[in-house]
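Data first, discussion second: the structure below is written as structure tokens.
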Amino acid sequence: MLNLEIIIFGALALITVVAAVMMIIARNAVHSALFLVVVMSSLAVFFLGLWAPFIAMVQVALYAGAIMVLFLFVIMLLGAERAGARLLLAWQAPLAIGLTVLVVLLGALLLLNTAPFEVVDLPAAEITEGTAEAIGQALYSVWLFPFEAVSILLLVAMIGAVVMTRQETRQEARDERKKKSL
Amino acid sequence: MSNTSFVALFPLFIGLSVVLFSLGVIGVLVRRNAIIIFMSVELMLNAANLAFIAFARSFNQIDGQVFVFFVMVVAAAEVAVGLALIVAIFRSKQSINVDDINQLKG
Amino acid sequence: MHEVSSEVPQVFQYAWLIIAFPFVGVLVNLFGGKNRSEKTIGWTAVFFATLAFAVSLVVVITLIGLPPEETKLNAGFDVPLFTFFSIGETTVEMGLHIDWLTGVMLMVVTGVGTLIHVYAIGYMHGDPRFQRFFVYFNLFLAMMLILVLANNYLMLFVGWEGVGLCSFLLIGFWFEKDANGNAAKKAMVANRIGDYGVMLAMFAMLIGLGTLQFAGVFEAAEHGGFEAWLLPAITLLLIVGVTGKSAQIPLYVWLPDAMAGPTPVSALIHAATMVTAGVYLIARSEPLFHAVSEVQALVGTLGAVTAVWAGLIAVAQFDIKKVLAYSTVSQLGFMVAAVGMGAVVAGVFHLMTHAFFKALLFLGAGSVIHGVEHGHHHVAHAKHDAHSGHGDDGGHDAKRDHPAETEFDPQDMRNMGGLRQRMRTTTIVYLIGSLALMGIVPFAGFWSKDEILYFASEHGAVILVLLLVGAVLTAFYMTRQLIMVFFGQPKTEAAAHAQESPRIMTVPLLVLAFFSTVAGFLNAPLLGLTPFTGWLEGPEAHHEFDLTRALILAGLATGLALLSVFIGYLIYRPKAQKAGVDDPLRKLGFVFTALNKKLGVDEFYGLLFVRPFIWLCNFLAWVIDWRFWHDWFHDRAIRDTFLKITDFLANPIDKLVIDGAVNGTGRLVAWASGGLRKLQTGFVRSYALLMLAGVVLVVAWFTLIVLQGR
Amino acid sequence: MSLQQFPLISIVLFFPLVGAVILFFVRRDNAELIKRFTLVWTIITFVVSLGFVIGFQSGQPGFQFYENRPWIPDLRIGYQVGLDGISLLLIILTTGLMPLAVLSSFKAITERLKEYYIFMLFLEVGMLGVFVSLDLFLFYVFWEVTLVPMYFLIGIWGGKRRVYAAVKFFLYTMAGSLLMLLAILYLGIHGGTFSLPELLANNGWLREAPEMLLFIFFGIAFAIKVPMWPFHSWLPDAHVEAPTAGSVILAGVLLKMGTYGFLRFNLPLFPNASREAAPVIAVLAIIGIIYGAIVSFAQTDVKKLVAYSSVSHLGFVMLGIFALNPQGIQGALLQMINHGISTGALFLLVGFVYERRHTREMGEFGGLWKILPIYGSIMLVVALSSMGLPGLNGFVGEFTILLGSWDAGRAGGSLGSYLYTAFAAIGVILAAVYILTMFQKMFMGETRHEENKRLIDLSQRELWVIVPLVIFIFIIGIYPQPFFGTMTASINQLLQNMASGAVALH
């Protein structure tokens, strides 16, 4: 049984990592986006296995669905599939990769040298499952204030996005010209 | 799928999270396409989410999941604003190459 | 001696109305006077002045009814009003003080003031700033009343400076002419110099004696217990103020220039009331002066010298008002000498009579000017029928109607002569005023001047002789003026066509003439009439009166005056008939020119004070403050030094870099600085990379700690 | 008293800030709305601040409306505010001048309205903060906060050499305040707290402190702000270049921050040093009085004249403060208010005529009184108040200051203070000279310039700006006791503390 778990995990993890790597190295931005969708979907499966069905659903709907569609939309809109012809900072790539590997190794070293983490498996009945209800309970009781704050943040972001991308209307352009002539 | 057993793989989940996060970092540092950089950031966020969920499961607490929820909301907001920024920049500079945007050069 | 009666009569509680009424007049005319007719404005002002007069009258009548020892000088009643300020140990309480000195001043100020208000309605007729004039006039009345009603030096000072302000405003009333503005400024500044002294005197009093209330100050001065220098200092500082306000040497120079104002102003402010404020101040502070006889002697001499000095200058003036102005300075010298010697009653008495006859003379002169201008206008009108379309509105803006003929000066006595035929009333009242001023029996001036001379004879020969000379000069220049203006033949067309002034101007003249005649009998010791002394000094006061000496003095003074009149008549009578004849006194040559040029005092002051001051101002402002401190020190020295230092620091470093490229040491610097500069690439990704490097360092640090901790 | 517990100070303090934030969201092309909003907002601030006057208990020397909240507790820095008799009138002056300054800018400011009014509101926050802060650190923060909006007010809406003036203003003040920051840090570290009341309560540690050095460090910052001679060089530049409202606020309130600083910090914290430095400062103040007056006389630019006259007037204030007795200090405090009113009004009036003729050279005017009778008359009243005519406000301040300076000699028993006073009082004469000369040059004489003949008298809006100030000129001049009454208790306590602090050290 353990093996089955490992196999499932291993397969999914492999898919995830490969997709992530592909996302980074893909020349075409559209491809990158599609690989990212793969990563996110497989992560959703992980979430499901970790007793978080609500988050898994949200992950699929929000990330794999909405956000990625937005990405694709912008890529298509700008025609930016192949941006970045000039390579200014060539030396940066190896350095970045090296540093990342270094930090991972250091982290590993750190973890291996700390006390091992005891994981106690609980019987199914005692596991708190992240159902919509449970999350809702938590959100509207303990986390009410952050929840509201985050909703305002969302609103602000929405307005900001609208303001930034808004085209100047003709009326305004005319006003601007008038002011300059004054 | 089993109810309980994934928890035994807890270290692996953390490891996976680390790998994905590192890939995100490399993506941010290596790619010049602003959109891809953005996607890499999303990847990093997702990696963190995975760690959160794994920890929530192992500690048997719902708070981790709630936090993931918040992270997602923030990510959504960030994407909205970020993409709007990219669009705005593209309008003025006809490019989304971050290396072209260096007005702050010292 | 200075105890304040506890029972204040009910009437005095309302004495503040005396001040309030003119203020109400100011407000009414200021805010309600726009677009009103001259009549409304003028009579409103007169109305409020009359109200003040009425209340004053009630106060004075009440004073008569009270026992004299309660109402004599500096006994009187205090009516507290409000606390002006109270800080630490120093408190100033605003309030009114009512005794006979106040009573006399009230009568003079409101009485003469009201009459001149009436006169001004006629005189100012047609002036474009008619409203403003009466606002100022009422304001002046209010300020003067504050001055005389105050029960402390600070409130007195408020009135003191207030009247100075009104004087400034009214001298500069026709401010279009630069000379008027200059005269106004000169008056205010000279007064300010005097006020400086009064202010310091107040500090000395408030700190040294603990209070500014008259009663308290005098009591403290009597009891002593302070440093010896305090009283001399206070009195001397007060004298500085007096020389400013009452136009004594050395600050008298503003008063003749002040004649630039309209004539009613000269009469009210610069003859009858404001300039006597200094005399009032010394009279009021009599207990202080009493204690320091040296200062008294000084003041007496100062006044006497001023009397002669100004009398001399008056002899050689041609401007009808300038003669009167110097005469005023001279007469103020008499008063100051009197109160300086301690003869408060005589000084105040002369103040009162002088107020009547000098106001009369000024108003008479105004009437003359008015008439001559009218005549001039008439002549000019006939000549230039075409271009002067104006009717005969007020004579004094004839100049403005005929800018081409500004050379005609309606105030120059050489343009007059023979006016007695055309201006009968004016001539008569002017004659009365002149006789009173000369000190001819039985007019008011005789009695008051005689009393001053009597006290001077008690005090010492110098002052007496000086004052006698002053009296002789007075008689002479008044004779000269009378003959030049009223007698002989008209010297110009204008004088020939002069016209008597309207009733509204002559009636106040007649009233004043009446008082100039009879006011002297209020204090005529030769006749045994001394109610005035009784009022001011109380019943117990009683001087040893030497009748023989008084008679000799009176005879001497009158005789000298008559002699001087006769001499004047001899000199001027034959020459006064023809036009274009110069002053016979010019034969004196250099002396006359010097006197005519006012002894060069203005030029002297200009050379000694004004020009150096202006030079100093310009030097400090432009050379020291601007070119040196602002431009050189800040902009050049500090800023450029800073720039040079940075330059100095930058260049050697640059050179180091170049040198280093040669000898290798600089390479490190170049590399480091280049590397550091490269960090500021503006590339976001580079920054992110640096961040990652930081993360690596932090994690490495942690790892190190953990590994070490094991 | 309920009003005392109500956090009125915080409300008044941050009310303009809220206004600035709201203004931020107003469309910039809606000029009328911006102007009216700012005006109404500042008026409301003023009305609310009148609560201080109503709730103020004048017999009490301590801080009232006191609030204390932790801010940076680790460094023992607190948000500690309160007011007493020293700051009360200055606060009212600030809130009261603000609507007038705003109203006066309605026509003068035509560009970047929104930023202008936002800066004005910011400035008000800073100024109020300076006057209410009881924590040294908080005080410093507000002190610097006032610099920024003023810098922009001069630098953006100023005259021809505005950038030069703004930079000079900024650098000059900044240089001084850095020294003050050092001294504040020293006090905070060695005294264990930044709170002024606490520092005063246990000032025993000051025994070891280099008191004179700290006094000088604080003193230079304040002296530059005052500005005391010879640190006055930034003032004419700043005043001449600043827009009218900027000058009004600068002269009316910002300069008072310096003198207020001396009163609030230097005297109580360093009593011995104050006593020792008093003669020196008095001499500097007297030089300032006479020098300012003399230099004013030679000016041809009327705004510069008024600016230099500030040097003279502030010299009086400094002299009063360092007389170190109730008369001098209360007189100085009242003179601060008076100067705010009179000089503020003078700058406003100069601004009015500048808006009409676009020049400030006195030679360009002459005979204005005939054409602008209302303007001339108001100018006369204000000018007279500035030269200290009795019955108007300037006199009361100058009189009590000189009285205090005269009194200062009684304790020492030397003739020195009498000489000081005699010299300082020369300033009163000189004030008459330069003010009257200015008045004569501008308003008397013939109207020589054709342009001047077409000038129109004050509009209703301008009257609304200037008349309140004129009314206060009269009120303070005739009945000053209520104003003195508010400060008596605080000043007495200050002097008592100084005396006892000095005794404790010897």
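Chains: A, B, C and D, in written order; residue numbering restarts at 1 for each.
What we mean here is this: contacts are C-beta pairs under 8 Å (C-beta built on N, C-alpha and C of every residue); 3 or more make two chains touch, one makes a residue touch a chain.
The structure presented is a predicted model; accordingly, all values stated were derived computationally and were not measured.
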| item | value |
| --- | --- |
| Comparison of B-C and A-B (more C-beta pairs in contact) | A-B |
| Separation of subunit A from subunit B, taking each centre as the mean of its C-alpha atoms, in whole Å | 4 |
| Distance from the mean Cα position of subunit C to that of subunit B, given in whole angstrom | 88 |
| Distance from the mean Cα position of subunit D to that of subunit A, given in whole angstrom | 57 |
| Subunit C-subunit D separation of Cα centroids, rounded to whole Å | 34 |
| Residues within subunit A bordering two or more other chains | 88-89, 92, 96, 100, 103, 107 |
| Junction residues of subunit B - those touching two or more other chains | 25, 29, 32, 99 |
| Per-residue multi-chain contacts in subunit D, two or more chains | none |
| Chain pairs that touch, as defined at the top of this document | A-B, A-C, B-C, C-D |
| Touching residues (chain side subunit A, partner subunit C) in the complex | 88-89, 92, 95-96, 99-100, 102-103, 106-107, 109-110, 113-114 |
| Residue ranges of subunit C in contact with subunit D within the complex | 82-88, 90, 132, 154, 157-158, 160-162, 165, 168, 172, 175-178, 180-182, 184-185, 188-189, 192-193, 195-196, 199-200, 202-204, 206-207, 614, 616-618, 620-622, 625, 629-630, 633-634 |
| Parts of subunit A lying in touch with subunit B, wherever the complex brings them together | 1-2, 4-6, 8-9, 13, 16-17, 20-21, 23-24, 29, 32-33, 36, 39-40, 43, 46-52, 54-55, 58-59, 62-63, 66-67, 70-71, 74-75, 77-78, 80, 83-89, 92-93, 96-97, 100-101, 103-104, 107, 117, 119, 121-124, 126-128, 130, 134-135, 138-139, 142-143, 146-147, 150-151, 153-154, 156-158, 160-162, 164-165 |
| Subunit C residues touching subunit B - in the complex, by the definition given at the top | 677, 679-685, 688-689, 692 |
| Subunit A contact footprint on subunit B (complex, rising order) | 1-13, 16, 18-20, 22-27, 29-36, 38-40, 42-43, 46, 49-50, 53-54, 56-58, 60-63, 65-66, 68-70, 72-81, 83-88, 90, 95-97, 99-100 |
